[in-house]
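In the two assemblies presented below, subunit A is common to both, partnered first by subunit B and then by subunit C.
So, the complex of A and B:
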């Protein structure tokens, strides 16, 4: 996979929000690549900058948010420098996006069909009747029953799962090369979540597109991702393929996140949780941003920020204390075996 | 949609029934003696003076309530609202002869207010916190914080007393003679429309000259209100996720604002526009007084000061019907804007 040219390459992306209270460094130097046809997961707690990263790629930030540095190279073009008209040709056409809340992400006063057809007419330059056929086909493809009828219904007439399917139909109607999915299953019931993820995997194969899956749910990551970027407080702390991440996490934050997943195979009196809270975005700590909640933190962590270093082929970690974590892992293993 | 309108229309008689009960109740509070005037016709009034008791007996004013209600409602349905002391004519014709003046002023004010108000409100929201937004907001704040009579007096001071452009009143003396002459056909009793239909453009221009100052006064005050509501509603809608979805599709900002955002933002604007239209149709006493224009508001105000009960109650009934119809129009326009309402 490494030999292929990446479809999207994000270099040192910095997106800051200039608020009345000060500058929020929501994304502060993020690097990753997405290869054609693969799924990159971006995982982290709320406020870690994962959604801002995705909105930066499509340049859909609100007026306070600005990309202050870095490049977003998509098929050889730097999206940061592209003018608004060229950017609009990419949005919805080459790169599409689906959002967390299908309840509020669809316009309540227009029919589902109308909202799907809009993008088709815009990008594929087809007539209304043709667009309608494509829209019905798309609705069928995402598993909506009676698409000929549903196409004329309003969002409030569909259930949450159906709405997210309609959102997916809308996003995929122009066969994008990259789909950015921002917590697409968070607002849905667990059974529906599984169906939607299954659908996305299926469509990814059919349409040969890449996906950036943004989520706080490691279960979703395990289900769908090829590679994973873990974000904390605007920075990437670990970046590797999904197998290595789950088997052998190298960053204390990743390790803590994995430990926080309830396990059925061992007896747990209390669920593990990471102590403390995500730091306030206006006052991020100095040094490593995670040091306030990290059990291995040293003086060095408080003063110097670790860079993202490739510790083995394709496994990047930003931590000063990788050895300490390894030692701790052994301790826990021993503890479990007692 | 049609089912919604039919359902809404079926409710109408019920609401109107409630209205008549309330108004009949008001009448009853007056007591039979005062009601006598309701059943005396014009010149008859002098002849029967002092014969109150006879009339009470003749018209059954001491009968039980349901009987009286039935008789009263029967009269109302025939268009008999009693005799207006102030108008010296039946109440219904007194109201209907004054309503066109009010309607004319209202129509001239409503159209610029609604369209310009919404348009500027959207511009203001789109340019949020930029110069244009601040400018429009200051202009609007002045509009809604000015009492209308003060603003109206300023208009007269500047445009009549100082400049002599826009005189108060309804028509100049010469033109009034034209309008009342036998060659001039009064189709609608609204002089700006009738003058065009009669091809008398001199009359039209004169009527317009008299309309400009009161229309600007009314329009400015209401325009500021519509602008404010549109702006805040639009700002709220622009933060919604479906707006981001629309942008993520690659739609131009023009389509995002004028298709996706505007229709959602218009829902509260429809409410306010409905209130405004009803208020303007009811006739604004102050504007009509300041600019010395005949109209419904002035008539009802005069009736109130002279204790002309039947005119007051006739006016109340007329206003109630306007209100009910106005609300019906607002409800239908809601349903046109928002499909969720159609299904309720």
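So, the complex of A and C:
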């Protein structure tokens, strides 16, 4: 996979929001690649910048948000520098997005069919009848029963799971090369979540598309990702393939997060808890952003910010104290199955 | 340990649907439909299920925040729906609730001092200086600083607000606390803090919890016994270890297999359920799970409703085919 050219390459992306209270450095120097056909998971807690990263790629930021630095190279073009018309040709066509809450993302006054057809007519330059056929076909592909009937229904007539399927149908109708999924299953019940994840994996295989999966749920990450980026306070703290991340996390935040989840497959006496709260985006701490909550923090962590360093082939970590974590690991077992 | 603190017998809660000019009742939402269970003092009973299964309604009816349609809730052998006046107030003190959303469950115009002291004063536990002193102690106990008692809810983060909600519930020395999705809105690192706090408080004050959640992993962590609900019914109830190592109801099995496990190398057999949860207005005939059940037998499951029966000691399942 590494020998292939990346489909998307994000270099030193910085997205700031200029609010009345000050500058919010929501994304502050993030680097990653997405290769054709793979799934990159971006995981982190609320306010870590994972959603802003995805909105930056499609340039869907509101007027207060600005990409102040960095490049987003998609198939050789820098999306940051593209004019709005060119960007529209890419949105929904080469790169599509699905959101957390399908009821908010879908327009309530248009039928599901109309909304899917809009993108098809715009990008594929086909006639209305043809677009309708494609729309019905897509609805069938995402497992919506009676697509000929459902195509004329409004979003409120569908259940939560069906709406999310409709949104996936809309996103995939133009066969994008990259799908950005921002917490696509968070609002759904677990049995429905399992259906949607299964569907996404199937469609990814059929259409040979790359996925960026943004979620707070490490279980979903483990299930669907090939490689994972862990974010904290606008920074990427760890970046590697999924197996290594779960088996041998190197950043104290990743390690603590993995131990903080109650698990179905392991007996835990007491959960590992990370002290304190996620820092306020207006007043991020100096040095390493995690030092205020990190049990291994030293003077250096408070003053100097660690860069993302490749500690072994394809495993990137931003931490000054990797050895300290290694020494502490036998206190709590990670990823051991009983 | 085995002193029964609360007994729920054949509890039903139906909500009317009204329509037309005269707001006539046209149908009933059978949110909770014949549910029975006991809780022992000092234990945690997990109530788990997907949206619309009736888990929250059970919690609200136990606290008599809803009046039951039928059935009984016995607290220390007293039917709570018959309590009046002083007895009712005493019962309300003994049973408290922690809500899911720490943003909407605290009055934004009240200082947290007053939010926490409200119960203390209403129940004549203390007043004035003494009440304030109690608030300070409670804040310390839940991991907040007493200096913060004059602040308003918006000055706190989600996890801190949930701590305030816990302090508010603790203020009146309750015996039983209903935790309704108490950690569902929180980030993973904060969720662990709150779960640990709830466990510590349970030990210190000998509290009994009804822990309502859709998150099976959280329920597994905190509960002693677990009841699984589907469309207004309990489909399975057992000791935690027994339920998670030996689930018997096909819905419980599917639910467990649907939870993504944070281990990419763990390969599991996944039971994918078809379709959505049906509406509780017109629940399916027979076993309510039969339209989605992978092993349903058309001869019996769609016709006869299964009883919740004890298949092993203390392991109850409602399925014809177990």
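By our rule, the second predicted complex is superposed on the first by the 326 of 338 C-alpha atoms of A that agree within 3 Å, B and C clash if a C-alpha of one lies under 4 Å from a C-alpha of the other, contacts with A are read in each partner's own complex, and residues count from 1 in each chain.
To be clear about the criterion, a residue touches a chain if its C-beta (ideal position, glycine included) is under 8 Å from a C-beta of that chain, and two chains touch if they have at least 3 such contacts.
Owing to the predicted nature of the structure, the values given are computational and were not obtained by experimental measurement.
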item	value
Clash or fit, subunit B versus subunit C on superposed subunit A	fit
Contacts of A:58 with subunit B and subunit C, given as first, second, both or neither	first
Partner chain in contact with A:25 - subunit B first, subunit C second, else both or neither	neither
Which of subunit B and subunit C A:122 touches, first, second, both or neither	first
Partner chain in contact with A:101 - subunit B first, subunit C second, else both or neither	first
Subunit B versus subunit C as contact partner of A:91, first or second or both or neither	first
Subunit A residues touched by each partner, larger count belonging to subunit B or subunit C	C
Nearest Cα pair across subunit B and subunit C, whole Å	8
Contact set on subunit A toward subunit B in their complex	58, 60, 63, 88-93, 96-97, 99, 101, 104-110, 115, 118-119, 122-123, 154, 156-157, 167, 170
In the complex with subunit A, residue positions of subunit B that touch it	128, 240-242, 244-252, 255, 259-260, 263-264, 337-340, 343
Of all residues in subunit A, those that touch subunit C in their complex	45-46, 159-162, 189-195, 197-198, 216-223, 225, 242-243, 246-247, 256-258, 260-265, 268, 270-275, 277-278, 293, 335, 337
Of subunit C, residues touching subunit A in the complex	50-51, 157, 159-160, 187-193, 195-196, 199, 214-218, 220-222, 244, 254-266, 270, 272-273, 276-277
